[in-house]
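Quick one: the structure is below, questions incoming.
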Amino acid sequence: MNQMLQFSNVHMYYDHVYALKGVSLTVNEGETVALIGANGAGKSSILRAITGLNRIRQGEIHYLGERLDGTPADEIVRRGIAMVPEGRRVFPLMTVAENLALGAFTRTDKGEIAESLDRVMTRFPRLKERYNQAAGTMSGGEQQMLVIGRALMSRPKLLLLDEPSLGVAPKLVQDIARSIVAINRDEKVSVLLVEQNSRMALRISQRAYALSTGEVALSGDSADLIHDDRVKTLYLGGEL
Amino acid sequence: MEQVIANGLYLGAQYALIALGLTLIFGLMNVLNFAHGQMYVLGGFITYAIYGQLGLPFPVAVVASGISLAVIGGLMERYLFRTVIRRSHREESTMLLAAATAFFFDAVILLIFGEKQRGVPKIVKGVFNDFGVIMPYDRIVVAVLAALMILGFILFMKYSRTGRAMRALAQDRVAAQLMGIKVDRYTMIGFALGAMLAGVVGGLLVSITGVNSGIGGPISVKAFLMIMIGGAGVVGGAIAGGFILGMMESVGLTVLREYGDVTYLVIFAALMIFLAIRPNGLMGKPWG
Amino acid sequence: ANEKLKIGFVGVTSGPAAAWGTSNVRSMQTLAAWYNETGGVKIGDKTYDIEIVTFDDQKDPKRAVEGMEKMAQEGIHYVVGPNVDDGAAAVRPVAEKNNIIYFPYAFPKELYTPPASNAILGMIANYQSGPAIYKYLKENKGVKTVAFIAANESDPLSQRDGGVAAAKALGLEVVADKDTYQNDTRDFTPVLTPIVGLNPDLLVLSGVAPANAPLLIRSARELGYEGLISTETAQDAKVIEEGAGELANGFISVGGASTPEIASDRMKEFVDRYTKMFGEYNDESNTKVYALDYILETMKANPAAIDNIDEFKKTIDTFSAPNPYVKGDSKLSYVGTTSFGQKRQISVPMVVNEYKDGAFQTLFVGSVD
Amino acid sequence: MDTILQVRELTRRFGGLTAVNNVSFDVREREILSVIGPNGAGKSTLFKLIASFLKPTSGEVLYRGERISGLAPHIAARKGVVRTFQETTIFRNMTVRENVIVAHHLRSRASLLGFFVGTGTAREDERAFGASADEILDFLNLTELANEKARNLPHGHLRALGIAIGLATDPAVLLLDEPFAGMNHDETHKAVAMVRRLRERGLTVLLVEHDMPAVMKISDRIVVINFGQKIAEGTPVDIQNNDRVIEAYLGAEDEAIGL
Amino acid sequence: MNRTLRLLGVAAFLVAVFVVVPLLISVTGRKDVYYTLTSVALLSIASAGVWLTFYIGRINMGQGAFALMGAYVTAVLVNHYGVAFWWTLPAAGLFCAVASLLIGLPILRLRGVYFAMVSLVLTEVTRLLALALPVTEGAKGITNIPLPGAISLFGLTIVPDFATLENPRIAFYYLAATLMVLCFAGMYRLVHSRIGHICMSLQQNEELASSIGVNIVHLRLIAFAISSFLGGISGATFAAVTQSVYPSSFTVTDSVNFMLNCFLGGLGYVFGPMLGTLTLYFGWNLLFQTGEFQLLIYSSLMIILMLVLPNGLLSLGEGRRKG
């Protein structure tokens, strides 16, 4: 399998907060990789480092053989990385249609964009029903679908998801999880998934990293990790 | 009465156009641009110099006003506001910067163009007088142009790629960045566009009300009023606010004239009461 | 080199009313440069170079006080300005405390009537020119009805009230005396619409700022107003031409000396020098050219006045010198006895002008005593 | 057990939309009651109505028999009904500890003027608040972050801080809106234990939550809302097996995705 | 250690204000500085009020209104009713505080630019009222306000009759400086007590503040009333200093300046408004020799200051402590 994304010894700070302390990880082409870990472990920070929302202090990020850190955010999108940020972040005053159109902001070919739009609509029929509704008035679950659809509109090769199940009702969480599997399988999009719902994350991913205070504590095949005792006690919690 | 309404509409069109640029900048970066009026004045003086002094055609002059102000606005965003926003803890800090640039423009304009009221030859002669309405043709031309520009601006914001990017930016900067929108660049474009609108209105109106170096401040204040009425940061609000203020002045000055000096007192008091009832203006969202 | 004689200016040189103070300052600076270039001014047995110390009070009475304090600090005893009523009134205690004679361009009578004694009115007041103008218009142009309009600020409102009283005293019918506008108004059509509907014979723009005058005239004319328009303050022909063009023909205002019929050669040279120095002349300076000469001439008449304002006050009563700016043998002297009970006004010729195609023409010349 | 809160035929409309529609239920003293339901069902709106942040269109909320709906929020808080926010709402520019100290407002015995001049009572209050804040932070495992500016906290800790703020007011009824969102199992586990201890402190807890294992574990009773209406009420076991609830909200279990 | 340092600082400040400045003035003979510094002291009191409203999260551009009101209260009471200035001073403050409660009740609900705008309009409304009302004597204002008289307690003259002084400017300087010191001491105490924290909570999130039981309406009103009280005091003293008041004595420009003073000094620092006022007002005056370029230089300096210290002058100390 080809390596797609590679972190080598990445360090990142917010002012004086030391958020990532030498993280190394890889995502291969076609893979779904899960990132799990406690609050403040640095999961979101990894995604922010990839998309260029924050600069890294030290280390290197490579993507498809090229250096990624230091690249402007729009260029990163153009190279095929899309992110669904924590907490939905739709453009609330814009319609579903406009939100989706913005997802394709970096693309120019009208025909291809229309094709992507079709695909998103088939994947999330709900969005088609609400095509002209202002995004801000939709329910949480619908908004979550919208931001995933919006991310797909840039036709990414790598999709980054930050806690897509946050605040979403169980039934919808199931829908979203299935969509992620389908996107990865059908559209050959690699996925890097940050989830608190570790059980779900480990089920739908091939490999996983567990983070702890800015460092990788554990990594391996998800199927193995799900039975790993340390993971069980730390992240799956067994019986509550 | 027809005359009063016509006055109000005309004034409204003019006001709405003034308010547009201000609300755009506010919506995009939460900056209340105290220098808006000064930008308007500068636009007026550029048109005055090109059309009034050099004798080039009026449209050329107005376009030149727009372009010059766009450049100035862009530079201001890039070298002043961006730095300050990035480094300050409270976004209100930009108010001091905006005020300082307003003073700076005042000083520059006064030094270059002098203290006198300036005017240019009429662009169209003659007066329309029918249906109980008297309206000079040049005002009609300006009102129509203003209306067209407002329409053009709305369409631009709604359907163009740039417009869409700017609206996205105004709603959520981070999400916009994740869409691959060059946030810095579009903020700069937005500021430039806002400044350009100010310059263009200044240029257009110099043909009717002339221009003078001291009116920047008062114009800004008036423009603030309009965007408050309509709702700050919302394009529709600016337009509505402009027309409402225009109408209020026109009607108020006629209806209340018997009570003399209190006309403006009443208008302002009404504004305060209105905002107390609708704290976010007509269609605005809360801010801060 | 000559010793320096500092003369102060405290007034408004920025903001919407900048033209008022600027025309003052520039008149003074033009004259000072002229005197200094020609060897200075001889007062008593010393020759002085004139230095003008300026302070922009931004039309704020608090700042005007500040300015007057600065003048006192600089050891100045003669100050031109302030340009508005409240500023002129606010500086009074400072001027009295620090022995400063000042020349306001503001009309409140309290400034000039006893016990006040340090202020000298620098121009013709509206209660002096107004009645003369209205009387002339009543007699010569058949004016019967008058409407007043003023900005809702101190000066214009006071002048309006003065004007209304004068018009009533003359038996004119005042059809509008309450219409006001915000000073930031740029489009006067809504303000004027109801007044034009009343169709008065005369529309008086009370205390109008030079910036607003052409706009008011233009709006009124475009709304179809056909009567006369006048004001009691000085205006600039160029501003009116640019702002209202031929619509302003017939507009009546008060001037000082520069209309060709009466201007002397010295006045013409003054205008030339002013234009050379600042790029453009301002007709308001026709009235504002006088103050500095009054100060210097009075000192020449009594050199002790140079740092003793009591000597200056003594000289006022008898002072007389030729008026260099007007043809013929008119005189510079102090007047104001009728209005103020003491001589606290400089005698600027009361030239009532009529605007015509880019220039002022003299309608009549009056005088004040 | 006594009834502490009574929700009586509560309805709230926003324009044409009925967000909460004729909902009634009782809450007993020292009970942990969960409100669940699909996104947009009206759960947060219901909480806002109970804590008097919104006025009901009709119906009322009684607290110990006294009507509290329609009062100002700070008065409801004074009486003992306090809510935390679904959105991570905190005082961003204060440190974690300052956040909690400020939240002791209702416990102060000194008046504002007293604080100004620094009377003995005021100083005592300050000391007491500090001690209590430290205790609460310890209780929620936030001690390490005590001097961090709240705006720098990661998502999960913000929720904990939200709860800490709620606790500091010393409420009788605490309404927690999605307290476990953004926590992993381990953290949720601790938080659940914490909520239980709240009850041991004598509090009545209402919570809205989408984390089903946690809800089922912690709740004495559950109220289910759908489209603004109550569709079920009962013990966790009842609810888990209620077909209407499964259909509207829970979904059938799907081993392939671990849910 | 920290405490002694602070006490030393306070002592140094008091000595500077009450001893060093008058000494320097008498040595250099720059008597005009008295009026300038009196103005700075008074304006900084009004700015302190504005600062307090910033502290609860309101951009206040209405302080000019209250300064004007305060000035008129004093002028009317002294000139029309013969009340002694010393009584009118608190009366002016209280009048403004009460007025601000009435006005504040409806408008304090507004936030952000909306409150800013309405308060700006309030300034203009007050000016227009001053022009229109009979008691304010309309356009010509109230002039010839007598200087403050003596205060004696048990036959002991504590404050001399200002009119008998050789230079009342000095007396006014001491008066203004004293008021300023009192005002800022009070503000310091306010902000550093628990009330400060509660105000801060209001600034950051009113909804949350009310959920923890803070009566936000009440607190907002109190802060606004204190702010207006300070505005009134400042205006009233100004009326006494300049012995006159006009509708234009405090205008929109002043309101904006009060706000700018706060920004320049630093919104995060109690003494920000004092330093901001000193810099802006004194700075402007220092530049008066530059004639027509005064505004250009002044505004350029302001822009540069803003670029270098966007969080206010006082953030300078902060940066050093950190780095």
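Letters A, B, C, D and E name the chains as they come in the text, with residue numbers starting at 1 for each one.
One rule holds for everything that comes next: a contact is a pair of C-beta atoms (placed from the backbone, for glycine too) under 8 Å apart; a residue touches a chain by one contact, two chains touch by 3 or more.
Predicted, not measured: the structure shown is a model, and the values here were computed from it.
Peer 1: Enumerate, in label order, the chains that touch subunit B and subunit C alike.
Peer 2: The common neighbours are E.
Peer 1: Out of C-E and B-E, which chain pair has the most contact pairs?
Peer 2: B-E
Peer 1: If you average the Cα atoms per chain, which one ends up farthest from subunit B?
Peer 2: The chain lying farthest from subunit B is D.
Peer 1: Suppose every chain is reduced to the average of its Cα atoms; which one is closest to the average of all protein Cα atoms?
Peer 2: If one averages C-alpha positions chain by chain, the most central is B.
Peer 1: List the centre-to-centre spacing of subunit D and subunit E in whole Å, with centres computed as mean CA coordinates.
Peer 2: 43
Peer 1: Could you state the distance in Å from the CA-based centre of subunit A to that of subunit C?
Peer 2: Spacing between the chain centres: roughly 74 Å.
Peer 1: Any idea how many Å lie between the Cα centroids of subunit B and subunit D?
Peer 2: Averaging C-alpha atoms per chain gives centres 46 Å apart.
Peer 1: Which residue numbers or ranges of subunit E touch two or more of the other chains?
Peer 2: 128, 131, 253, 292, 295
Peer 1: Mark out which residues of subunit C touch at least two other chains, giving numbers and ranges.
Peer 2: 13-14, 152, 157
Peer 1: Which residues belonging to subunit D are in contact with no fewer than two other chains?
Peer 2: Counting only residues that touch two or more other chains, subunit D contributes 93.
Peer 1: What's the complete list of touching chain pairs for this entry?
Peer 2: Contact pairs between chains: A-B, A-D, B-C, B-E, C-E, D-E.
Peer 1: For subunit E, which residues count as touching subunit C in their complex?
Peer 2: Per the stated touch rule, the residues are 30-32, 35-36, 39, 128, 131, 138-141, 143, 238, 242-244, 246-249, 251, 253-254, 285, 288, 291-292, 294-295.
Peer 1: Looking at the complex, which residues from subunit E come into contact with subunit D?
Peer 2: That would be residues 189-190, 193-195, 197-198, 200-201, 204-205, 207-208, 210-217, 222 of subunit E.
Peer 1: Quick check: in the complex, which residue numbers of subunit B touch subunit E?
Peer 2: Listed in rising order, the residues are 26, 32, 80, 83-84, 87-90, 92-93, 95-97, 99-101, 103-104, 106-108, 110-111, 217, 221, 224-225, 228, 232, 261-262, 264-265, 268-269, 271-273, 275-276, 279-281, 284, 286-288.
Peer 1: Which positions of subunit D touch subunit E when the two form their complex?
Peer 2: 51, 53, 72-74, 77-78, 82-85, 89-94, 98, 101-103, 105-106, 108, 112, 115-118, 122, 125-126, 165-166, 168-169
Peer 1: Which residues, counting only subunit A, touch subunit D once they are in their complex?
Peer 2: 14-15, 17, 36-40, 44, 86-87, 138-142, 163, 166-174, 177-178, 181, 196-204, 233-237, 240
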